[in-house]
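Across the two complexes that follow, chain A remains constant while its partner is chain B and subsequently chain C.
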Partner chain A sequence: MEITAIFQIAGVGIIIAIMHTVLKQMGKEDIAHWITVLGFVIGIFMVIDVIAQLFQEIKSIFLFQ
Partner chain B sequence: MEIIQVVGIGLIAALLVILVREQKPQFAFLITVFTGVFLFLLVIGQIGAVINVINELATRSGIPDVYLKTILKIIGIAYVAEFGAQMVRDAGQESIASKIEFAGKIFILVMAIPIINVIIETLLSLLPLGSS
Partner chain C sequence: MIVQALMMIKLLGAVLILFAGTAIGFVQASFYVNRSKQLRQLIHALQRLETEIDYGQTELPTALIKSSEGIEQPVSRLFTLTAELLTAEQELSMNEAWQQAIHQVWDVTSLRAREKEVLLRMGSVLGMSNAEDQLKHLQLAQIQLKSEEALAREEQQRYANMWRSLGTLGAILIVILMV
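Entry: the complex of A and B
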């Protein structure tokens, strides 16, 4: 896990925003919304890994498990 | 000089959040969560070292193991509850955040019940009217 993941998430967000705008201009609103959902799921997967790691560390340090 | 790293990461994350929030608020929230977790993971090693020293001191001074474990558990619960509540509050759900804090307080109280019991029993054994 590294600091670059922050830039990755921000990059995914910016790219998704651009794609959303372009698709909206082309008049394909439904595809634009699906792309937003997809990007959000990708971001969630990145964050969930880190949250799992955090909870594991807290368990091992504070709760003796 | 890890503090410079921490401050730098915080500044960069804040900038990115401002940049992304206008277009896609969901990603801004993800960045916030990630940064919070990352900063904590940076310092958790030091916390572990400190707790090891405290553990050793406690075993050397003969304090029963249960007390230290309870206190550490309480610290852990307090941290997790605070973390969750702040994240939810960032997302704009003030009421859920206050419920998380409430649940944390209740769990801490439950953890502290054995210690309170011991204190009350000690007090009762000290008082002469307890035996009559």
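Entry: the complex of A and C
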């Protein structure tokens, strides 16, 4: 597994956090929340393969021995 | 060698995206800055026009050209174009010339629909009645534009900075996603 994915997600998190603060400061709370949701979705898309792998592993360990 | 070249290309692309994002942010911010600047210029021009009508009793085309002097391009074009239309086509009324000029110049300016309405209403009176009535309408338009300008300045302080940082941040986000 690559370590870069973790850094990538961390980077997205930081950027989204800064965007959220900037938008909130300017009184656009609604857009700020949508940005946060968008960042969350991007993060999920990044780890979706890894999570799928994890479930496959669990399945093969516990269910189909 | 090839790996290094690919890295260079990636880096170049990242820099380009960063540059483009920042540029988009600055363009959006400049819209707000330009709007309040152009509103100020418009107010100055109307004040000048007021003095021309009041003390100079100048003819409208000359008064328009004089009031556009010392004002920067997109706004001053509004006045000079009206004057040109008035002198070139004699059958055109002041109102029609003013409307045509506004429609032609408007897309180049950073001004919004509310200012357009104010100016159009003012133009329908200019050159129609006696000087006193015209002056009243000029003053009314100035007051309305001044309140718009105060609003625009407030918006500029808030949103110009926001757009600048958002442009750069969005570009960084895209770069991170593509690495």
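Note that in this section the second predicted complex is superposed on the first by the 61 of 65 C-alpha atoms of A that agree within 3 Å, B and C clash if a C-alpha of one lies under 4 Å from a C-alpha of the other, contacts with A are read in each partner's own complex, and residues count from 1 in each chain.
The criterion applied here is as follows: contacts are C-beta pairs under 8 Å (C-beta built on N, C-alpha and C of every residue); 3 or more make two chains touch, one makes a residue touch a chain.
No experiment lies behind these values; they were computed from the predicted model shown.
Undergrad: Clash or fit: chain B and chain C on chain A?
TA: Result for chain B and chain C: fit.
Undergrad: Mind working out whether A:G27 is in touch with chain B, chain C, both or neither, as first, second, both or neither?
TA: After superposition on chain A, A:G27 lies in contact with chain C alone.
Undergrad: In the overlaid three-chain picture, which partner chain does A:M19 touch, first (chain B) or second (chain C), both, or neither?
TA: A:M19 contacts chain C only, not chain B.
Undergrad: Just checking: does A:I3 make contact with chain B only, chain C only, both, or neither of them? Give me first, second, both or neither.
TA: In the superposed model, A:I3 contacts chain B only, not chain C.
Undergrad: Let me test your reading of the model: by the given contact rule, A:L63 touches which partner, first (chain B), second (chain C), both or neither?
TA: first
Undergrad: Of chain B and chain C, which one contacts the greater number of residues in chain A?
TA: B
Undergrad: Tell me the contact category for A:I51 with respect to chain B and chain C: first, second, both or neither.
TA: first
Undergrad: In whole Å, how close do chain B and chain C get at the C-alpha level once superposed?
TA: Superposed model gives a least chain B-chain C C-alpha distance of 15 Å.
Undergrad: Please identify the positions on chain A that touch both chain B and chain C, taking each partner from its own complex.
TA: In chain A, positions 12, 16 sit in both the chain B and chain C interfaces.
Undergrad: Mind listing the chain A positions that touch chain C in their complex?
TA: Contact set of chain A toward chain C: 4, 8, 11-12, 15-16, 18-19, 22-23, 25-28, 42.
Undergrad: List the residues on chain A that touch chain B in their complex, please.
TA: Residues of chain A touching chain B: 1, 3, 5-7, 9-10, 12-14, 16-17, 20, 36, 39-40, 43-44, 46-47, 50-51, 53-55, 57-59, 61-64.
Undergrad: With touch defined as at the start, can you tell me which chain C residues reach chain A in the complex?
TA: 158-159, 161-162, 165-166, 169-170, 172-173, 176-177, 179
Undergrad: Sort out for me which residues of chain B touch chain A in the complex.
TA: 9, 12-13, 16, 19-20, 23-24, 26-28, 30-31, 33-35, 37-38, 40-41, 44, 47-48, 51, 69, 72-73, 75-77, 79-80
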